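Two complexes, one shared chain (chain A), two partners (chain B, chain C).
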Partner chain A sequence: MDKVLSNKKMIALYVLPALLLILAIVYIPIVLTAFYGLHEWNGIGAMTFIGLGHYKTLMQDKAFWSSAGHSCLLAIFSVLSLILYLIVAMVLAARIKGANLFRKIYLIPMLLSSVAIAQLWLRVYHPTNGILNSLLVSIGIDNPPAWLAEPSIVLYALFIPILWQYAGFYILIYYAALKNIPSSLEEAAKIDGANALQIAWKIKLPLVMEVVKVTIVLAAVGSLKYFDLIFVMTDGGPNGASEVMASYMYHEAFRAYDFGYGSAISFFLLVICLLVTWVIRKLTAAKDTIQYS
Partner chain B sequence: MALTLTLGLVLAGCGKNDAGQNAAEPSGSKDAGGDKVTIQFMHLWPEGVSAGQNKIVNQIIEAYQNEHPNVTIKQEVLDNEQYKNKLKVLGSSNNLPDVGVTWAAGFLQPYVDGKLFTPLDDLLTGELNGKFVAGTTEAYAINGKTYALPLEFNIAPVYYNKTIFEQNGLQVPQTYEQFKQIVKTLSDKGIAPIALGNKDRWTGSLWYMYLADRIAGQKVLADAISGSGSFEDEGLVKAAKEVQALVDSNAFVKGFNGLSNEEAKSEFLNGKAAMYLMGTWELPNFTTNEEIPKSFRDSVGFFKFPTVEGGKGDINSWVGGPGVGLFVSENSKVKEEAKKFVEYFVTKWGEQSVTGAGVIPATKVDTSTMDLPQLYIDLFNEMNKASSITLFADVQMKPNAAETHLNMIQALFGKAVTPEKFAQEHTAAISKGN
Partner chain C sequence: MTIGDAGRLQNNSMPAARPEIGRKFGYALLYVVLVAVAALQLLPLVWLLFFSLKNNQEVFDQPALSPPLNPHWENYAKVWNAGNIGVYFLNSVWITVVATVITVLLGSLVTFALTRMKWKGRAFVLGLFMVAMMIPVHSTLIPLFSMFSELGLTDRPLSLILSYVAFNMPITIMILLGFYYALPREVEEAAIIDGCSVNRMFFRIILPMTASVLATTTIINLIYNWNEFIFVNTFISSDTNKTLTVGVQNFVGQYTTDWGAIGATLMISILPILVAYLFLSDRIVEGIAAGSVKG
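Presenting the complex of A and B:
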């Protein structure tokens, strides 16, 4: 085995297929997108080079910044909801009755396709026949709002299925991280008289902190580029009230036939995500790492 | 389907053409009189969604292949939205099929600018001369050359539920005042007067266009759309105000601005809403579609959008126009053969589409020889005496302006903009010229 691993040629051979795939599917398109973003192009005809013209337009595009605000709001809610997921994972990891079953139930939304989830929640939010409004009417609330048609609440109405979709994913990650904590530490703490809350806050949390940091980055960046449910449920409507950066980019590129501008938005979104990742890593950098082995 | 689309998107960029579902090809291509020719034909009538059209397409292809044994036609079938996406991708990679489906005016423009469609004027002077309904081929003409031959023709009447009207003692309105009275009566009784799903935005555009036509007149509206006039014309702003007045009078189903057209249609089909403004492409659902209860189908009638007192539009002015048409790719290697196929297809389609699929073709139809449901006969008569037909704004306008128009429609209906702002945004978008 050592002979294989130390032979540089063999290493290169094993790495090559995946590297080629990632280059072709990820990195080359990124470079191409940056390239298209510097041109005026309707997707079909010829391209004209306009340098940073699109980015100048982007800076003053009110519709874009409104959608960026919505994306940021989603990112904030996503990160805050991680707290809830951590608590749920802690409860599950404490070996309560039925923990296995709950884990599976929480994971199910992640196994559904985004479109299936969208269709489900469209039925829930339907203004007259929807499950939610039928329930509200039956308990006496006379005129429940049309959740997906009111510009002031449509974004928040969408957040619920979006967060619901990925809850199981984060709960599973935290559960695995929590399960990795040797039970000897917990028992030692119990013997020393710590109650459940103190154990959770002072012992479990610091030990899963590295994992939590990773999930914060995942949640924030994932929310910034989120597209699926927004597109299927409201298509950014009504009139941009639930538009996010990714759906705005789609509309500009594929509906308004402005591929140059769409590419510029796409590349800008990439830059934003990289920036946010860097900032989060900086803010959550460990002053000292905790060892427990 | 999704796999095909994904593969298509990935591979199309590399220059390969992925075949979707292939129709039955002839067992052997005989080499009788001419080299073997294969024509790639991409369309948007899958069997599951458009069974009638799909059957006709296959019949025509089979007949053509029998008459021309050296020709093989390979089909690629996608559904409506997938088709639009794939066409754009193929267009940008210069990989269009030999024959395909396109929409008119603003949709066509980028493809014509990119020199991707070939002019079909020679076909118009041949066998098809004079066979098209007036105005249909013009919508496919840019700078004097026609780039596609239309297959469909639609107008948009207001369908209504005769049972609901009878139960509430209502008569078909001739004037807009009568129409508003009907809306009030129904909404007071808790029945949704109009089914509208404005999430898709173009559905609301139909309402605005009719009000604009009736108040400001057809010419003002057409000029504003084409850019030679302006949406800030007094009559058009008044039409926008009237839209908001309708919204305020609870004329539309609850939550309409977030409902898709399909969801709204089901309100109408279930008898929960009394009226539905939609194109004649819906006729099969109200006449021949066995999946919809016969009792409902028998209770559907239509009326023309009523006139507005003091307005300049007359009751025989319609919103509508040609539907999809066939194009031949400029870079096709079998252009001549493809053009012959298109000519054949349009002729045969015109003969079979009404009885076979309930679709009104763009070629003139002789209804006297056909056994058609009453709704069709009535609408054909209306089409023949139409004073004018204004093409749907979002098809007529260039893509960016069309997007602005549609977004503004949603904002107008949602009362997020004033009628004045609505007009200003249009002027700004149209002046950009894309």
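Presenting the complex of A and C:
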């Protein structure tokens, strides 16, 4: 048995294809990103080593920090929206008939490509024929704003489709966690005279807290590297008002052909994402200690 | 509730009826919330379906949510025949399928080796796959672009397939792992005693036993690959090699003023997923939940 299953040739045959691929496509590029970030390079010509020069520039690059600010704002919105999702999931888990159908309907936007969602919401926000402004006009609001053209509201407007897209996903996760709570706990609390709100707050919430922490990591890190939808809908505009870190990197590298600087930004982005993951994982370190019965 | 309480409730039916009404009202309120959320989730899509079947005149003159009374199906025929939508569609199909098959196959091989075979460095290799899950795609984009350029792979579908397989490998392995750990070992022990080779055991015994988790991983891979945007947008430049996401993006740009054409194009791009969801919703929900650890 052991002989057959420790045959080195077979092991190599089974492991190497996937391992080499992930080294070539994920790990080597990460090392190269770090390396390029230390050079002046336009992507085609010769590279010039400049040490930490790009990072010095980055520290003083107002456009970058404004995009980082937008990314953080999106991360905060995303984490806050988890509260809404959790409330809906709690309602859904309250022995609702047809809960399964609701859950499936909520998930539909999550299955669509960000490009299709972005194109659809571009129309939703269309100043004259979009459904939003048509509805606003029909209830008597004249001159509704051109949502995506106003620097002061564009970021909030962009967050709505994000909220819409991910709702079903987080509700699905929370619903599954809530359904895992044995009903005996809820019944015991009811007998002790607890009302629905008390049960939700004092019994259900603590029991799904571990899942909530994981979703906080997902939402925060996901927002920090958010790209597709914004890239399609506003391309960072108007005038940088909706630029985020990933789109700023993309513009510097693939529009301005500053591959060196773009690499420095993407390495910085990688470090931030890993750091945020690590910090929030630390907070969830005391895991799997809950005993339901 | 004590026995005394129960007795009191039985003797006096009025106070018992009132909480009943309250409870019903409460449930009605909960339904209102749930239906409202469902409406918000569906509304933009219903609106999309409606305007994909209208001409500009109707889009501009009719109320936004009025159904298309004489549907203009020719919008669909027009966009399908006029541009490269058919080409993009076929590219999406074959690239998605090929990448998914390779990912699931290679992922199964690695998971089998990680859980069943005995070798040094297993923990390290597993760690490499798991850490890769946290790495943002964007941080690899510039080097991948220059690597593919050097190899002459930019503007080739192979660049997409390699990227899709590599980036979906970690989540695929992660989902498979849980299943493989739970798989009973008796079968393979018997197989080996009978003189079965590793390959034969893997392909004839193990792989069929994992059919249900293979279906789950296949589904999430199909969805991720079908919807992928940034790699296509960065690596592919010629129309003949684009997939639907980027194709739609460019195509819609040409029709800035023709709402029906835009709607029809978007509907064509999301229809395969919606139809699949109609028939496989349980599996897809399961797949999305299983893939939820992916950032």
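Here, the second predicted complex is superposed on the first by the 260 of 293 C-alpha atoms of A that agree within 3 Å, B and C clash if a C-alpha of one lies under 4 Å from a C-alpha of the other, contacts with A are read in each partner's own complex, and residues count from 1 in each chain.
The definition used in the following text is that a contact is a pair of C-beta atoms (placed from the backbone, for glycine too) under 8 Å apart; a residue touches a chain by one contact, two chains touch by 3 or more.
If you're wondering where the values come from, they're calculated on a predicted model, not measured in any experiment.
*Asks:* Chain B versus chain C on the shared chain A, clash or fit?
*Replies:* Superposition result for chain B and chain C: clash.
*Asks:* Could you look at A:F64 and tell me whether it touches chain B, chain C, both or neither (first, second, both, neither)?
*Replies:* The answer is neither, since A:F64 touches no partner chain.
*Asks:* Would you check which partner chain A:D258 touches, where first means chain B only, second means chain C only, and both and neither mean what they say?
*Replies:* first
*Asks:* Of the partners chain B and chain C, which touch A:F159 in the superposed model: first, second, both, neither?
*Replies:* A:F159 sits against neither chain B nor chain C.
*Asks:* By the touch definition at the top of the document, which applies to A:G43: first (chain B), second (chain C), both, or neither?
*Replies:* In the superposition, A:G43 touches chain B and chain C alike.
*Asks:* More residues of chain A in touch with chain C or with chain B?
*Replies:* C
*Asks:* Touching A:L148 in the superposition: chain B (first), chain C (second), both, neither?
*Replies:* Only chain B; A:L148 stays clear of chain C.
*Asks:* Considering only touches as defined above, state whether A:Y174 meets chain B (first), chain C (second), both or neither.
*Replies:* neither
*Asks:* Given the touch rule stated above, what does A:Y248 touch, chain B (first), chain C (second), both, or neither?
*Replies:* Neither partner.
*Asks:* Which holds for A:G237: it touches chain B only (first), chain C only (second), both, or neither?
*Replies:* first
*Asks:* Touching A:P127 in the superposition: chain B (first), chain C (second), both, neither?
*Replies:* In the superposition, A:P127 contacts chain B only.
*Asks:* Chain B has the stretches 99-107, 261-269, 297-305 or 423-431; which one runs into chain C?
*Replies:* The segment of chain B occupying space taken by chain C is 261-269.
*Asks:* Identify the residues of chain A that lie in both the chain B contact region and the chain C contact region.
*Replies:* 43, 254, 259
*Asks:* For a test of understanding, state which residues of chain B touch chain A in their complex under the given definition.
*Replies:* These residues of chain B touch chain A: 85, 88, 91-92, 110-111, 113-114, 116, 198-199, 201, 253-259, 263, 267, 272, 399-400, 403, 407-408, 410-411, 413-414, 416-417, 434.
*Asks:* For the complex, give me every residue of chain A touching chain C.
*Replies:* Contacts found on chain A: 1-2, 4-8, 10-11, 13-15, 17-19, 21-30, 32-33, 36, 43, 88, 91-92, 94, 96, 102-116, 119-121, 123-124, 129, 131, 134-135, 138, 164, 167-169, 172-173, 176, 191, 196, 214, 217-218, 221-222, 225, 227-228, 231-232, 246, 249-250, 253-254, 259, 262-263, 266-267, 269-270, 273-274, 277.
*Asks:* Within the complex, which stretch of chain A touches chain B?
*Replies:* Per the stated touch rule, the residues are 42-46, 125-128, 146-151, 154, 234-235, 237-241, 251, 254-259.
*Asks:* Can you list the chain C residues touching chain A in their complex?
*Replies:* For this pair, the touching residues of chain C are 1, 26-27, 30-31, 33-34, 37-38, 40-45, 47-48, 51, 59-60, 63-65, 106-107, 109-110, 112-114, 116-119, 125, 128-129, 132, 134-147, 162-163, 165-167, 169-170, 173, 189, 192-193, 197-199, 202, 223, 226-230, 234, 244-246, 248-249, 252, 259, 262-263, 266, 269-270, 273-274, 277, 281, 284-285, 288-289, 292-293, 295.
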